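The two complexes that follow have chain A in common; it is paired with chain B in the first and with chain C in the second.
This part shows the complex of A and B:
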């Protein structure tokens, strides 16, 4: 019985027009990028991404950088990634980008055009997710790479040597991986929230609160957090003081790849549930 | 593949609010007009048909296709909705092209069909402008162009004449007639009954979410037995004809035409009426030029079955 079901599922998969799905995904992604990335409405997200870059650049121009302070700046950069980007910049940036993908179109009353196209709703949702991810990654990965380069470029030849050293590149690689996973994880969560709630912001605030108190939760509940996975991947540990201690506390140590895999699985589960929800989605703009 | 649009006992409730209740329809090819007052369930019926809302109960199929299978369904169906909004910052031709490319077409084919659709919708040079700057009539036209661009077999049009000036209305009606002649299934909802009436093969009357009547306009009119039928007879002595018909037939009302060269007669027995009229014509006392039903159009049926206040009588 089980074998027959598996066979039927395999047959069903084989009969799907995958090349059409790929073409549609590409087209929808282009439409979405055109709509979201090149828009004045996205300017505040550009600001969120690049405000640390601007500050680091000003420091580069006006402050002296004796080589002895390079390790301090490594901690500062780790703090910027862990406390600013993960907790605020990427969090709110993804809230802005991903909650507009479906809900924004419902508010603007234009979602029906996509639902009336010969596109499976799952393809529509995943394409929008891809477009949102590309937008978020373009902004935040670029910003983090720029932060890293500017932070060490201030130290002249020693800084440049560090950037190109194995340690420096490993650090950069870890920050980029963290940014990528943060964008995917938060993106999936906010995309789902935007389908569940007319105004996803209060729910997002609850997520923010949850992420803050998550380290003191039992280990099972810690797995339901984007930030907790990312914390394990930080290349430089920072010691938080006062209220920040809650945001930096190290819990149940797990290896980086387990953390990455865990976060990708969390993202996949959220996206699968989102696909189920979009199949049931009804267009009733009068209630928006 | 079936050639019908089928609603089987379809109901839709928005929470506790009734959208439509137990609608069963089997619509053949041709032009069908959905007639009903505001809030009667016309748009709900169209949205149900295209999967924008899901039925609370019942089943819908369009040419045997299920709206849940978007890939197959929307290759055959185009829906020009009443929602007057568009993706931001887009120009007319790009809007149509984007939608065609979602069908998996290459750019050259999509561009060709885009230009053809824009031409059919008579959008002209406006196609190169931002939709945000369009007039209401132009927005209506670009929606129509988008709905017909992929040559669907079924075209659903929700109030397609809204916002159009008389010339554009006439052009749109001519286009609908042409599409109907090409064998397309057209389902139109409109408040402008006089104009849609001219091109419709069938009407579906709906009010308060309930189906009141459906079928060929003349058949539906004949089934409304409690409202005597009105006939306009053009002749040289309308007063004489009226007095004769009153004397021998169940005429209940006679009214002279404004030009004095015809008379509107209302009769409770249309078959006997025509038979007696033939007799009068043969007598030669009155020279009859033409005879035409004066109230078997969608407008009259609407008035008789639904009434001007929108409540079914």
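This part shows the complex of A and C:
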């Protein structure tokens, strides 16, 4: 019985026009990418991504860099990634990018053009998600790599040696992985929220609050947070301050790949549910 | 129907005073803001901390309850400047949430529907239009900030056996002035950002981002440049510092790291000027037609 069902499912998969889906995905992704990256409206995301880079660049030009401050700067860089990029930059950037993908089209009253086209709704959703992810990754990963290089380049030969050393490259790899996973995780969550609510911002603010208080939650509840997975991947740990330091619940250390897999699974689950929701999506422009 | 008679004359009857015209806008803005169930829900939730603080004041002033809970520790449940600093901080965060919800409702609809030219063709100026919206937002925020804070102060004065009120009047002054500064700033910020963002959905997010993102950028400046002046971009931080000084609560910063009050006031003034410039650029009787 089970074998018959599996065979039927296999046949069903084989009969799907995959090359058509691929073409449609590519076209839709390119349209969205152009909108996300090459428009005046997108300039604020560039600001969010590159404002730390600008500050580090000014620091590189005008401040002195004695060797003794290199470890301090490593901590500062970890703080920038953990406290600025994950909590603010990537969070608000993804909120803007991914909320616009479906809800923005509804407000502009243009989503029905896509829905009337002979494209499966899942393809439409996934294409938009891919475009949003590529936009966010391109900006934030580039910014983090630039931050890393500029931060250590100021130390001359010692800094350059650190960048190219195994430790330096491992640190950069961890930051890039964190940025990628943060963009995918927040992106999937905000895409779903934008389909569930007419105004996804209040729900997003609840997510922000949840992410902020998550370290003081029991370990089981910590698993329902994007930032908690990313915390395990940080190469340099930044401890909480004040009352948060006292209340923080230290969970068992999780290896990087387990944390990454956990976050990817969370993203996949949210995307599957989004695909289910978009099949039942109805547009009422009068209520927007 | 053809119109042959062209000798129109200006209206010579009684004209309503200018200030009452602003009230009309404020009244409509107020009803627009409060027409949403979510506004009512947010308002109710914003008053929930006040009930908790009220219970704390009751416990602090009830000898039996105090003896049972504090077990002889006199510092527990002390109702002083530090306690009221917590109250004003909590209510101010609630005010931010309410602003992010209400402010876009007041402006975005007029802008997205191209209603400004019609509104401003009435005998009302641009300043009058903004004042009307400002009054509606400011009065809504007053109901969750200085008003309940002063009620708590009054209740503590009534409950306390000693001559508490007279000895702690600077706290009441700090609560009033600190709240007024914050809600005036929030009202301006909310209206300015809402006037620049066409979509209400985006405007709500932008108001939050305008408070939190500069705080993060300020943190980066502080950490990288090794300077305390980056804190000036951290709005929640400088407001906490200002409230702490207005209330006379103990300083929470190290002496070398503290920011002078003058710098905080100048920063807030500059931010308000920027908001006014944004409103001036955007609130105009014009219609944008694309296509």
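Definition applied: the second predicted complex is superposed on the first by the 280 of 288 C-alpha atoms of A that agree within 3 Å, B and C clash if a C-alpha of one lies under 4 Å from a C-alpha of the other, contacts with A are read in each partner's own complex, and residues count from 1 in each chain.
In the analysis below, contacts are C-beta pairs under 8 Å (C-beta built on N, C-alpha and C of every residue); 3 or more make two chains touch, one makes a residue touch a chain.
Quick caveat: nothing in here was measured; it's all calculated off a predicted structure.
Enquirer: Once the structures are superposed on A, label A:120 by its partner contacts, choosing first (chain B), second (chain C), both or neither.
Expert: first
Enquirer: If you stack the two complexes on chain A, which partner ends up touching A:162: first (chain B), second (chain C), both, or neither?
Expert: So A:162 meets neither chain B nor chain C here.
Enquirer: Is A:186 touching the first partner chain B, the second partner chain C, both, or neither of them?
Expert: Neither chain B nor chain C is touched by A:186.
Enquirer: In the overlaid three-chain picture, which partner chain does A:50 touch, first (chain B) or second (chain C), both, or neither?
Expert: Touch partners of A:50: none, neither chain B nor chain C.
Enquirer: Regarding the shared-chain residue A:59, is it in contact with chain B (first), chain C (second), both, or neither?
Expert: It touches chain C, and chain B stays clear.
Enquirer: May I ask you to decide whether A:198 touches chain B, chain C, both, or neither, giving the answer as first, second, both or neither?
Expert: So A:198 only meets chain C here.
Enquirer: Should A:79 be classified as contacting the first partner (chain B), the second (chain C), both, or neither?
Expert: second
Enquirer: In their shared complex, at which residues does chain C touch chain A?
Expert: 38, 97, 100-101, 199-202, 204-205, 208-209, 212-213, 215-217, 219-221, 223-226
Enquirer: Where on chain B is chain A touching in the complex?
Expert: Result: residues 14, 47, 50-54, 68, 70-75, 79, 81, 83, 85-89, 98-99, 101-104, 146 of chain B touch chain A.
Enquirer: Could you list, by residue number, the parts of chain A that touch chain B in their complex?
Expert: Touching chain B: residues 17, 20, 23-24, 27-28, 31, 35, 39, 105, 108-110, 112-121, 279-280, 282-285 of chain A.
Enquirer: In their complex, what parts of chain A are in touch with chain C?
Expert: 48, 51-52, 55-56, 58-59, 63, 73, 76, 79-80, 83-84, 87-89, 92, 95-96, 99, 103-104, 107, 198-202, 204-205, 208
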